[in-house]
Structure formats: C-alpha cells, structure tokens
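Next come two complexes, and both contain subunit A; in the first it sits with subunit B, in the second with subunit C.
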Partner chain A sequence: MVGSLKRYAQLLYLFTKFDFYLETAYGLNFLFATCGKIFRVLLVMVFFKTLVLRVPGIPQWNEAQLYILAATFYITDLIASILFHRNLLFHLPRIIRDGTFDRILTKPIPQLFHAAFNKIDVGDFLAFVPFMYFWIYIVQHFVLSVTFGSVALYVLLVVNAVVFIFALVLLLGSTSFWLNRGDGFGRLVDHATGAARFPFDIFPEKLKFVVFYILPVAVLATLPTQALLGFAQPLYILYSVGFTLILLAAALVVWNRGLHAYQSASS
Partner chain B sequence: MSSRSLNWSLLKTSVKIDMHYRFRVLIWMAMSAIWVMVYPVVWLAVYGDRTELSGFSRSDLLTYFIGILVMEYLAQSYVDEDMHEEIREGKISALLLKPVHFVRYFFFVHIGYKLLPLGVYAVLITLGVSVLDIPFSLPTQWYTLPVFACTVVIGHLIAYNLKMILACAAFWIEEAEPLRVLYWIVCNLFMGWMGPLVFFPLWFQQLSTHLPWQYTAYFPIMIFLENVTVGAMTYGIAVSVVWLGIAVAVRHVVVRYSIRRYNAVGS
Partner chain C sequence: MIRVYWAIAKMSFQEYFAYRGNLYFELLGGLITTALSITLWYALFRISGQTEIHGYSLDVMIAYLLGVAFVEGALHIQNQGMKQMTDIHEGTLNNYLLRPFSPYLYWFTDDLARKILMCILSGMTVVCVAALFSLWIDFSFSVASLLLFFLSLCFAAVLHFLLFSLVVLSTFWIGISWGVTFVLRVAMGVATGALVPLSFFPDGIREVIFALPFKFFGYVPIQIALGQFTTQQTVWAFGQLCLWIVGVACVCRMVYRCGLKEYGAYGG
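Now for the complex of A and B:
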C-alpha cells in the first residue's frame, strides 16, 4: 500500500517535472499563460469588489462571505486544473480520436492514473499567488466566526468538490470512446460549473433546484462556504457526498466500458 | 469571378459549414448563453427592492445582457482562433496562393459563421419577449437604430482588425494560445461582459472610454438603450472611428511584416 502510494507520488513528481520543462521551453508563452491564469482570478475579485461597492452584499451574502465563496471556488478549480481537468476533458478526447491513446495502454502504469494526471499544469501553481492574497485579504479585513469543526468540515467538502469535478470530467471525457467529437458537450458542462463562483441561493427557485439537486454544482463552492460559515444543512451535506460517490462510481463504470470499446482508430 | 461574387461565395460556404456542424454551433451558443444568464441573475439580486441602479432599470439590465449575447456574434470576431492553427501548421500557405488576400478571406468567412447563430437568436429573443414576456427595452427615438447599426459595424471592424493583429502573433511565436486567452480576458472585462460599465468604479469607466474594447459591445448597446446623451454619443463615435483607423493601420503593417517572416514550417 505504502509502496504503491510512493510510486504514484514519484510518477506525479515526474509528470510535474516534465511539464515544467515543456512549458518553460517557450518562455514567452509560459509568461502569457501564467498572466492569463492570474488575471482570471483577479477578474472575479474585481467583479465582487464592484458589486459590493454598489450594495453591502446580496441577499444572505455579505462582502466577506462573497469573497470566501469566490476563494473556495478557486481552490477547487485550481486543484482540478493543476491535476486532471484538462487531461480528462480536452486531452483524452483528442488522443482517443487520433489513436495515440494506444501509448497509454502499453505503459506499465494504471491507465486511469496516466490519462488523468499525465500533464500537471505547472503554470496554475502561480495562480495560487493572487489566490493566497485573496485569503490574506479576507482574514485581515473581516471578522470570521469559524470553529475548528467548521474548518474541518470545510476542508472535507472542498475534497468532496474536487472528487465531484474529477468524476464529472472523467464521465464526460470517457464518452469520447463512443462519440467522435465528445469534447463539445464537455466544454458546455465545464462552462456551467464555472457559474459555481456565484452564490446559488440567489437563483430563481427552479434553477436553484437544478444546481442543488440535479447537477449539484453547488457542492463546488456554495456548500463548503456555507459549512465554513456554519449555515450548511446537514442533510444537504449528506446528499452532496452521496451524489459525488455515485457519480464517481458511474464515471468509473463508463471509463472501464470505454476501455473495452476502444478500437484504436488510427492504428 | 467578380469581387462581389467572391465575397458572396465565401459567405455561402461558411453558412453551409455551420449548417453541417449545427450541433457544434448550438454548443457554442449555449456556452455563451450560460454566462449571459448567470450575470443578470447576480445583478438582479443586487437590485433587491430598487427599481434602478446607476440609471439602469431591471428591463434595461435584461436588455443589456441579451444585447451582450447578440453582440458577441454581431460585433466580435474570432478570426484569431482559426488563423492560429493555420499558421502553426503551415496550412496558411494554401491561402497565400489564392487570388484573395487572407485578411479579406477570413473577414467574409467569419461574417458567414455569424449568420446562423444570429438567425437562431433572433427567433429565440422574439419568442422570449412575445411569449415568455421577458422585459425588453426598445428604442423610442427615430435615430437610435441607424446610429446603433453604424456603431455595430464600426465595432465589428475594430474587433476584426485587433483580432487579426493578435492572430499574426502566431507568425512570431510558437504557441500563441496563452496570448489569445490573456487578450480574451482583458477584452471581456472592458467590453462590459460582466455587467454595464457604469456599475464599475469611476476610474475604471474613464480608463475603458479610452480603450477600444467598449466600442465593440458596450457602447452600441448603450446607444440601443438610449442611455447616452447626444454629446457622449458623438464623442464615443469619434473615439471609435479613431480606434478603427489605428487598428486598420497597425493591422496593415503587422500583416505585411508577419508574412515576410513566414517560413511555412508545417507545409
């Protein structure tokens, strides 16, 4: 168990190192990419700052809570983005389509691990800089009444959110074993999850039902933030964790069936 | 083939391509629509019990976001996406041999790509306003629509020329995608994608007045909403014409020098 964990850690380190060499080979591109990622975080900060300049907050969400929400969204988004998001949603459909997925099948590494983590996005590590500043700003400027229990629950729900994204993108990426251009639908869902940076409580009732229960993207930021601030509903926490586990199981089933269906198109 | 029939052929070809890949077109449209649905919901929550915010009624706000959605197709340009790959893979060599300059070729091809989505939007907006009773502010002055049309044309020409300059970056750097993403973020921020620029701090509004991007979406919509004085309208049109002149001149120089260093690496 420890031995295989150590092996996976070594592989992750190698993937990271390789991606770092690859990305920094074109210095200017690396700079632009990093600036773009930092700008994306800043953009949301500017949006919420503008919003609270107009009014003290929006129903049920004051300034500090809005910032925590945005910061929570970015921590899940960044972790997913660094580790597996692009690999599963964009890279996997491409290599399945052109047949280069063969190379993954022939290597002595579990296929899912290789497909999900083979490109670690080093540039995204630098996006943690404005993100950390965001947290420091929150802690310095607002009085937060949090407890050890709420922080622990928050961390747990952030992990749940990352697993939720992993399951969702694995499910969408795996459809490429059957669909010729499966990445289109993936991009659409990816866009939809991006909306999670806003508080879903303010949405109209029908839309709220969708984002809380049907495609519960509320688990990405709204729920962990509510848990940290102490107003999450225990039943909904259970629902979200249960939903994530079912989604993960479904994604793994689809992945395994996809592996069997793969026909190595271009070989 | 006469110049006019050549342009017409390019337009027709793009419409046919769109009709063939209609699912892809619908995905792209849905991706834009998600954001244009989310931002008004957030802003409407900010309104609370207010009837207006910075001169924007609720109806104006909804019209604004419908306008942003339409302007993305009407005035924005995505020529850089296509050209980036053409240059990188050396496919643009074929275009350079054709009896039509690639600047003109992409211009008409991209106008063609807009027709199908715009047709779909026209139907959806008409249905939404007439059947679902979505509040929509229509202009009351006789001169508004002609001036709006002029600003849309100027806006599109500015956007196209700026994107063509950006596209030419691929002649100079190996991987221009990060630069495109960076540009997209800045462009979205200043064109009013996140909300009417009057909601933003004064310094930001003043800065955006002197930059080209607001003239590609925000300014035409403000004219449609009759939310600008005649003086501000005249000033805005003058600034946008100056930006158009600058964009055309810079594009001309950049295209000329870029082609000189092209070595058709992928051909």
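Now for the complex of A and C:
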C-alpha cells in the first residue's frame, strides 16, 4: 500500500517535472501565461469587490461570505485545473481521436492515472499566491465565527468538490471513446460548472432544486462555504457525498467500458 | 484580387462547419452562462426590492446581458490568433509568402469569416434566451441605434483582430505566444464589461478600463444599442474606435515587417 502510494507520488513528481521542462522551453511564453493566471485571480477579486460595492445586501450572504464563496470556488477550480481537468476534458479526446492513446496503453502505469495526471499545470501553482492573499484579506477584514469542526468539515467538502469535478470530467471525457468531439464540449462543461461561483440560495426555487439536487454544482462552492459558516444542512452534506461517490463509480464504469471499446484507429 | 480572399473566406466557412457540433457546444455553453447571469440579476433585483441598481433597471440590465452574450459570442472566440501563431511557429508562413496574396490579409479574412459565422449563430442563441426571458423584458430599440450597434460591432471586430494579431506577432521573437494572448483574453474577460457594466467598477479601476480599447468589445456597442449614449458620446466613441484601429494597424504593420526580418522559416 505504502509502496504503491510512494510510486504514484514519484510519478506525479516526474509528470510535474517534465511538464515544467516542456513549458519553460519557451520561457517568455511561460512567464506571460503564469502572469495571466495570477492576473485572472486578481480580476476575480475586483469583480466580487465591485458586486458587493454596487449591489445592495443579499440575504444570507454578506461581503465576507461572498468572498469566501468566490475563494472556495476558485480553489476547487484551481486544484482541478492543476491536476486533471485539462487532461481528461481536452487532452484525452484529442489523443483518442488521433490514436496516440495507444502509448498510454503500452506503458506500465495504470491507464487512468496516466490519462488523468500526465500533464500537471505548473503555472497554475503560482496562482495560489494571490489566493493566499485573498484569504488573508478575508481573515484580517472580517470577523468570522468559525470553529475547528467547521474548518475540518470545510476541508473535507472541498476534497468532495474536487472528487466531484474529477468524476464529472472523467465521465464526460470517457465518452470520447465513442463520440468524436472537439474542445467545444469541454467548454460547455466549463460554463456549466462555472455557474457554481454564484450564491445559489438566492435563485428561484425550481432552479435551486436543479443546482442542489439534479446536477448538484452547489457542492463545488456553496456547500463548503455554508459548512464553514455553520449553516449547511447535515442531510444535504450526506446527499452531496453520496452523489459524488455514485458519480465516481459511474465514471469508472464508463471509463473501463471505454477502454474495451477503444479501437486504436485515428481519425 | 477580391476573388482570392472570397475563396479563402469560403474555405474558412467550410472548415468551421466541418466541426459543427463543436460550434454548437460552445454556443450552448454561452447560453447557459447568459441564462444564469440573467437569473442571478433577476434574483438580486427581486430580493433587494430595488427598481434600479446603479442606474440600471431590471429591463435594461437583462437587455445589457443579452447584448453582452451576443457580442461575446460573435467576437471572443476561443483560440483567437492560434492560426497565425501556428503559421509563424511551425513555418507554414513560408507557403503564404510564396503565394500571390498577403499573409496578413489571409489571417484577417479567415478571422472575419469565423466572426461572421459566430455572429449569426450567436444571434440565434441570444434570440432563444430572449424568448425564454421575454416575460421580464420590455425590448425597445430604435432602428438607428441598432444600425449604429452593428456598425460599431464591425469596427470592433477589426480592432479585435488587430489587437490579437499584434500580440501574436511576438511569436517571431518568443517562439510561442499563447501565454501573451492568454493575458489579453483574461484582461478582456473583465474590461469589456462582460461580467458587470463598466460603470459599476470603483472609480480608479473604471478610469483605467475606460482608457483601454477593450470597452469597444462589449460595453460601448451595447450602450449604443440601448440608447444610453448621447449623440456626442456616440460620435466620440466612433472617433476613438477609428483612431485605435488606425494606430494598432500601423503598429502591426511595423512589427510584422520587423518580424519578417527575424523570421527563420525553419519552423518550431
């Protein structure tokens, strides 16, 4: 168990190293891309500051809570983006289409691990720096009544959110074994999950039902934020964890079937 | 000569239509975001009990968001400038330099064809969302303001191409330029007024944003369509737009010439 964990950690380190070499082959481009990623986080902060400045009080969501919601969404998004999001949603369909997926099949590494983590986005690591500042800003400027338990639950629910995204993109990425599709589909998923940065509590009831229960993108940011602030419903926490596990199981089934259906024929 | 570029435009149309599913998915994604943004603002107006937020009534805000969705769909295409970058990076530019047309006009024609196609598809998407929310909106546009809107959109499309093209020309020196275009796209994500109207931003930031040309890719055309600009402001906006186009075109020409001297033609 420990041995295989160590091996996976070594592989992750190697993937990160190789990607870093590849990215920095064009040093200036890497620098600009990294600046762009940091800049994007700063602009998110400006956007939320503007929203809070111009829009009168939103029930249940004061300024600090809105910032926490935004920070939670982008932390989840960033972790997924560094580790597997692009690999499964954009890179996998491409290598299945052009037949280079064969290379993954022939290597002595579990295929799912290789497909999901073979490109670790090093530039995104640096985008964590402004996020840290964002959290420091929140802690310094607002009085938050959080407990050790609520912080622990928050961390667990962020992990749950990351697993939810992983399961979702694995499920959708795996459909590439049957469907020949381009990047547009991935962007559609990005748009749908991007909605999670909004405080869903204020939405009309029917839409709220959809985002909380049918396609529960509320688990990405709203739920962890509610847990941190102490107004999450225990039953909904159980539902979200259960939903994530079922989604993950379904994604793994589709992935395995996809592997069997793979024809190794490029288009 | 025009026949050559018409042929290029036709080829570009065919190329983009070959991956129709891809286009529709992209548009559907935009539709989801627009529908959610409208629902969010509707909810904000409803729960705050206000009839106006920073000078915007609900009708005007929804019309603004629909306008933004249309302009975004038509102009802000993913992978903007990628063809030009690949041609320079991989050395395909060699082929164009030997042919009887300008590579620059080739890239422009290709970009324009794609924008026209996206404009039509984006228009259809926005009509669908507008129909969905028609109960909440009182659409009232004058013919003149709509004509001016489309005219400003045409000018904005040219400036949009030129700005991206200018940063992509850095490929001649730095090898790959997607990082630079990424910075530009991120800046545009906020500074076009796509997320909130630019007048919502705090004073210092708003002044910086208004000094940049990105406002022409969202905020300005929509203000013209909504009739929020006076005649004087509209004339001034068009004047600025023309100055930006001429200025950026001159810089592009200069940088392209310098770039060609630097170009190794060996590919990346």
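Assume the second predicted complex is superposed on the first by the 261 of 267 C-alpha atoms of A that agree within 3 Å, B and C clash if a C-alpha of one lies under 4 Å from a C-alpha of the other, contacts with A are read in each partner's own complex, and residues count from 1 in each chain.
Just so we're on the same page, a contact is a pair of C-beta atoms (placed from the backbone, for glycine too) under 8 Å apart; a residue touches a chain by one contact, two chains touch by 3 or more.
Everything numeric here is computed off the predicted structure, so don't read it as measured data.
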Query raised in the report: On subunit A, do subunit B and subunit C fit together or clash when superposed?
Result: clash
Query raised in the report: Does the superposition put A:108 against subunit B (first), subunit C (second), both, or neither?
Result: neither
Query raised in the report: Is A:192 contacted by the first partner subunit B, the second partner subunit C, both or neither?
Result: both
Query raised in the report: Touching A:234, do we find subunit B (first), subunit C (second), both, or neither?
Result: neither
Query raised in the report: Of subunit B and subunit C, which one contacts the greater number of residues in subunit A?
Result: C
Report task. Answer with first, second, both or neither: which of subunit B and subunit C does A:39 touch in the superposed model? Result -> both
Query - Contacts of A:47 with subunit B and subunit C, given as first, second, both or neither - result: both
Query raised in the report: Between subunit B (first) and subunit C (second), which, if any, makes contact with A:3: first, second, both or neither?
Result: neither
Report summary line: Where subunit B and subunit C land on the same part of subunit A: residues 26, 28-30, 32-33, 35-36, 39-40, 43, 46-47, 50-51, 53-55, 58-59, 181, 184-185, 187-188, 191-192, 194-195, 198, 202-204, 207
**Report entry** For the subunit A and subunit C complex, residues of the former touching the latter
**Finding:** 26, 28-37, 39-40, 43, 46-47, 49-51, 53-59, 181-185, 187-192, 194-195, 198, 202-204, 207
Report summary line: subunit B residues touching subunit A in their complex are 23-24, 27, 30-31, 34-35, 38, 41-42, 45-46, 48, 53-54, 173-179, 181-182, 185-186, 188-189, 194-195, 199-201, 204
Requested in this report: Using the touch rule from the top, collect the residues of subunit A that touch subunit B in their complex.
Outcome: 26, 28-30, 32-33, 35-36, 39-40, 43, 46-47, 50-51, 53-55, 58-59, 181, 184-185, 187-188, 191-192, 194-195, 198, 202-204, 207
Requested in this report: In the complex, go through subunit C and note every residue touching subunit A.
Outcome: 19, 21-26, 28-30, 32-33, 36, 39-40, 42-44, 47-48, 50, 53-54, 78, 174-180, 182-183, 185-187, 189-190, 195-196, 200-202, 205
